[in-house]
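A, B, C, D, E and F are the chain letters, set down in written order, and residue numbers restart from 1 in every chain.
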Amino acid sequence: MEFIVETLLRVDRSATSLRNVKIETQVNRYAEGSALIHMGNTHVLCTASVEESVPSFLKGQGQGWITAEYGMLPRSTHTRMKRESAEGKASGRTLEIQRLIGRALRASIDTSLLGERCIRIDCDVLQADGGTRCASITGGWVALWYAIEGLMQRGMLVTDPRKQAVAALSVGVVNGEPRLDLNYEEDSACDTDLNAVMTANGHWVEVQGTAEGQTLPRSTLNSLLDLAELGIPELFKIQSNAVRLA
Amino acid sequence: MEFIVETLLRVDRSATSLRNVKIETQVNRYAEGSALIHMGNTHVLCTASVEESVPSFLKGQGQGWITAEYGMLPRSTHTRMKRESAEGKASGRTLEIQRLIGRALRASIDTSLLGERCIRIDCDVLQADGGTRCASITGGWVALWYAIEGLMQRGMLVTDPRKQAVAALSVGVVNGEPRLDLNYEEDSACDTDLNAVMTANGHWVEVQGTAEGQTLPRSTLNSLLDLAELGIPELFKIQSNAVRLA
Amino acid sequence: MEFIVETLLRVDRSATSLRNVKIETQVNRYAEGSALIHMGNTHVLCTASVEESVPSFLKGQGQGWITAEYGMLPRSTHTRMKRESAEGKASGRTLEIQRLIGRALRASIDTSLLGERCIRIDCDVLQADGGTRCASITGGWVALWYAIEGLMQRGMLVTDPRKQAVAALSVGVVNGEPRLDLNYEEDSACDTDLNAVMTANGHWVEVQGTAEGQTLPRSTLNSLLDLAELGIPELFKIQSNAVRLA
Amino acid sequence: MEFIVETLLRVDRSATSLRNVKIETQVNRYAEGSALIHMGNTHVLCTASVEESVPSFLKGQGQGWITAEYGMLPRSTHTRMKRESAEGKASGRTLEIQRLIGRALRASIDTSLLGERCIRIDCDVLQADGGTRCASITGGWVALWYAIEGLMQRGMLVTDPRKQAVAALSVGVVNGEPRLDLNYEEDSACDTDLNAVMTANGHWVEVQGTAEGQTLPRSTLNSLLDLAELGIPELFKIQSNAVRLA
Amino acid sequence: MEFIVETLLRVDRSATSLRNVKIETQVNRYAEGSALIHMGNTHVLCTASVEESVPSFLKGQGQGWITAEYGMLPRSTHTRMKRESAEGKASGRTLEIQRLIGRALRASIDTSLLGERCIRIDCDVLQADGGTRCASITGGWVALWYAIEGLMQRGMLVTDPRKQAVAALSVGVVNGEPRLDLNYEEDSACDTDLNAVMTANGHWVEVQGTAEGQTLPRSTLNSLLDLAELGIPELFKIQSNAVRLA
Amino acid sequence: MEFIVETLLRVDRSATSLRNVKIETQVNRYAEGSALIHMGNTHVLCTASVEESVPSFLKGQGQGWITAEYGMLPRSTHTRMKRESAEGKASGRTLEIQRLIGRALRASIDTSLLGERCIRIDCDVLQADGGTRCASITGGWVALWYAIEGLMQRGMLVTDPRKQAVAALSVGVVNGEPRLDLNYEEDSACDTDLNAVMTANGHWVEVQGTAEGQTLPRSTLNSLLDLAELGIPELFKIQSNAVRLA
């Protein structure tokens, strides 16, 4: 048991610091917006595709929509996963994650200013080391920003629909210690895992905490929320640099 | 607009009170445990089925498993939904909900004491008026309790694996007011919706909050958590009565 | 072997009498018509949903359609069945049954008087003890009656399209004895099983007899037809009471 | 309207006579048994494949099984149908028919004498002009006979499991007249359609009658049963010739 | 090993000769064109169905389309295959073959002269002994010819869109010897298999050669191409006879 | 028309030269082998995953297997494609391509020396500009080489099973001129498209040529084969450098 504790020591960063984060922008020559985000060894390729139509439930209402899809390459993981197209359907986990990303990114946009247009964010995990859904949100926002920037520059939008940045981090309790931005090893070892999505003005968009094995007193829940509020602003700085280059 | 506000006035209960809750027990002659829960006009039939085997990832480890499935009858809703068997697959929402119910109920059981046995909780919504996933958890726990009671009485378990009750409620902000146990009309109208799952000893199992339209300052998030902590103990009393009759 | 015969003795009713039948009406607050039918321990929830369109093969012909869907809750049976949405499709048995229910109920209605409207009958088995397809027809007719009554009262139909009641019973040969309204145990034990669907004016709508193991001389086939003609009128009385309350 | 009646006059045969029936045997060089049956313009290719295993519900019980699959070539019909493999699943009608064929053919065999062996009958409609399910049963029996004959000749069976021939015909009421062996045009025009499956000793295996549009008094139902009993023995003679050649 | 070589000796024909080829025409009373082709023991039923619409990517362009579907009856093969409708989808091999047949047949037609019309060629293998995709192309062309002949005779086409015949053969290296028109046994034994599709004017439409086990020097590749050019003209003669009868 | 010809002029390279080719190796920290190949703007990520089991048809024969899967990210293309997992199945094109890649790579390995082991090559197209299947083969060989190198270094193989490099190129006729290594624009414009797969010793593994619109005299077919034989050796040099670094 001590061995496991050993491997879960964080030697390269403190409990409250992020992994190295890097966002490359406009990496795909076809997509209206794109970003390749690295959070440590988690690498997610995000593209934003502008479609000049909206889902049927919005037709004729003069407003737009943001939606997301998520996928993992078969060998993004330690052991190869089956390809979902071979399985014949997206798994429950995949569907749950892409619903989360869509809701998170819609919070960053005033869709009533977008026209009858859908922007579809594809988040494809090239390599996974924990926190892929959070990285998808953070990187997806950058891809979305560029797609809208393009619409603005081509004069296709009257008013800028971008309200604020949105970013996400996972926090959890490992070895009794609340930690920020868990990697895969930490995520697997901890019973409590909370994904936090916030806006640049400090509001919450989503909180999804699970404490299946070791339930959580309110005080610990509060600590985790505090920790997320501490770390997410770091991501806003990196996102801000990524779009300043545009 | 005032009209809409009007209809969302709560005339029959206060913002911090529950709807009428009723749990009928052992309503199915075949299932090892069953409960029919009414939370206002939301009615969910929960059955617990004991299977003498575990999923393959647990084979040979001497422990058990709890899992859940969720469905809505086609006309449980205002307008008829398509039957998921006709659609060829469960929707993303269905998969997300049944994963939540499974995690919630596993928190109430020490699965290492269950033997190599799986208890499958089926939650079928007969009529839906908001809060069906929370009702499924609250009612599902009662069905699970009876299934384990039966195993105990037949001498198939050495130690009682039941740790504590688990129950769930939705809370949200409607007309600027935090409210407990939203019905469908309130749920549709509010931007912020938080599902809270707690154990009878006051710990948190799950928190799933979404503020897609109107993001949430931390102070409001805290109020919603407080409200859930206020209301869920009412459910523990009702669950307690439901199993005392056994 | 004597033991099996013993258990198949009917102690609570004669070979030619029905189980206790009860029909609760308008049990669902959203459906245009609904009924919960109990035939002994077989319980089926039937809802009728009015849709203001018809299948494509009927478009523009000025007439309506009646169709049915059938499902069993996973734990409606002695051992839990897999959920059909998880299986990815309805089974052959399910499809066969819902085609039967649809044909049977169409015989009770003059669909040319219904307008371009489809009434969809959902029959969901909450608990199964034999005869679920017959109970679905008998209960489905009551739900359909109420749905049309509502259309009449709201002035949406010029002429009443209801022609006559339709009801159904199973008959079979058990221990060499023709019996009415088989329960699951009798149904499993008998080689010959015949489902009879009739109208209130004594005509036949469907006869589906199967004698896979022990084939049937014409004289026995005639006896089974006689027995169905004896029992089904009892159901018409119960249906009649169920709709008189409207 | 008179015109339609005209076309439904039977000019080439009487109401109580069959179409031309021809059965070619052993038409496939790989199948253990095969037959190509022509009933007028309905042509069905039937093959019987012997598999040295049984479905899982029969494993270890020392007995065999007969099962059937049914398909229509896309252009077996007046207008091309979609290929079921492209649709992703067999239709309800297909599943219903193959269950019927399987039950019918099992009535001709003592499966307890077959060993743990499954014989699978494939019935593929090359051209359809009504009565394809009945032709499948009649031709399928011949294919099955040859498959068992082969097992007997190779000494793989101790006792002959063949009990009796099984054959099937459709009967119906057209222009008020009960008729035998309906073609597609008659089948489409008549409200009452009854498929009869009998054994060579004059017993009934299946009766499936549907009178969706024009319900049926018992006297007419009796006439249809009489008519089937009159016509099916013709098929037994033709089957008998088809297997005498072996 | 010598034994295997022995069985692969061609005793009934030379390495450069075809099997017996026979094409029966207009064998289906409903299809606009049809042909049953026998290449030795390979038998394929080809039908051509004229549809008065085109796929969506061609809508409004005033031109037509030719497409193909391919299937094997379950017992067309030595051991029974699973029915693709039961599998829920067409296999990769099936999809690959029907794309090949479609491309090949489109090369024989000037689709710009066809009007907004799709001709769908169904190739169903009744019995398979190697070379089914080639037989499908050769027989499919005959079915297509008749379908267009019918359109011409009914005055539905202004200019004849038929450009030239298309036919196909497989060639391969067996026992070190290039051979024409392989049967199943030869096809299974050889490492190199090349399907050649040509037009009656001696041009190539498709060449698909695979040398997975024993790779191929250019000189052998050239020999195989020569051999195909030698054999395919035989098929043009047979096709020509098959359509001269029209 | 002149305009189109204009855009299809090759300004940056001659008709017989390749695009810029770059292969990055071991780009994925989990896969046993990996390579990211750039052929101009076509970018394919190839991973090789070693599995210690073989498909069922090879079980117990002491030999290994190489297989491939292929996918395109939704926005690898000019306009976004639907995700195949959302479609519920891989398309015919996808299945055809992955069968081709598998056959091609198996030609580079003596699978009898691999042990009962399967190496699965995943080729995921990050950006597509023509020739993705050829790039997958060329890059996939590098990933496969590294996976086997790892098995050799860990002593898990007795004899090196690598026989020779395999690489692939597309050739086609554009503006009447045979050209090497077509990009998407050229590929779309040309009627004749031939994919060539060769081994480093100059043998052919696969040739797949399609001339749907403009059929091909043998002389042109020969020119295309010549052109491929000219260009593919360039790829062997680049592959050789990519593995020399190991």
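Everything that follows uses one rule, which is that a contact is a pair of C-beta atoms (placed from the backbone, for glycine too) under 8 Å apart; a residue touches a chain by one contact, two chains touch by 3 or more.
On a predicted model such as this, the values are computed, not experimentally measured, just so you know.
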Joint neighbours of chain C and chain B, given as chain labels: none
Distance from the mean Cα position of chain B to that of chain A, given in whole angstrom: 28
Centroid distance [mean C-alpha coordinates] between chain D and chain A, Å: 59
Where chain B touches two or more other chains, by residue: 88-90
Chain contact graph, described as a line, ring, star, complete graph or other shape: ring
Ordered ring members, chain B first, chain C second: B, C, D, E, F, A
Complex interface listing, chain C residues touching chain B: 28-31, 34, 41, 45, 47, 49, 51, 69, 71, 73-80, 83-90, 94, 120, 122, 124, 126-127
Complex contact set, residues of chain F against chain E: 89-93, 95-96, 98-99, 103, 106-107, 194, 199, 201-213, 215-218, 221, 225, 229
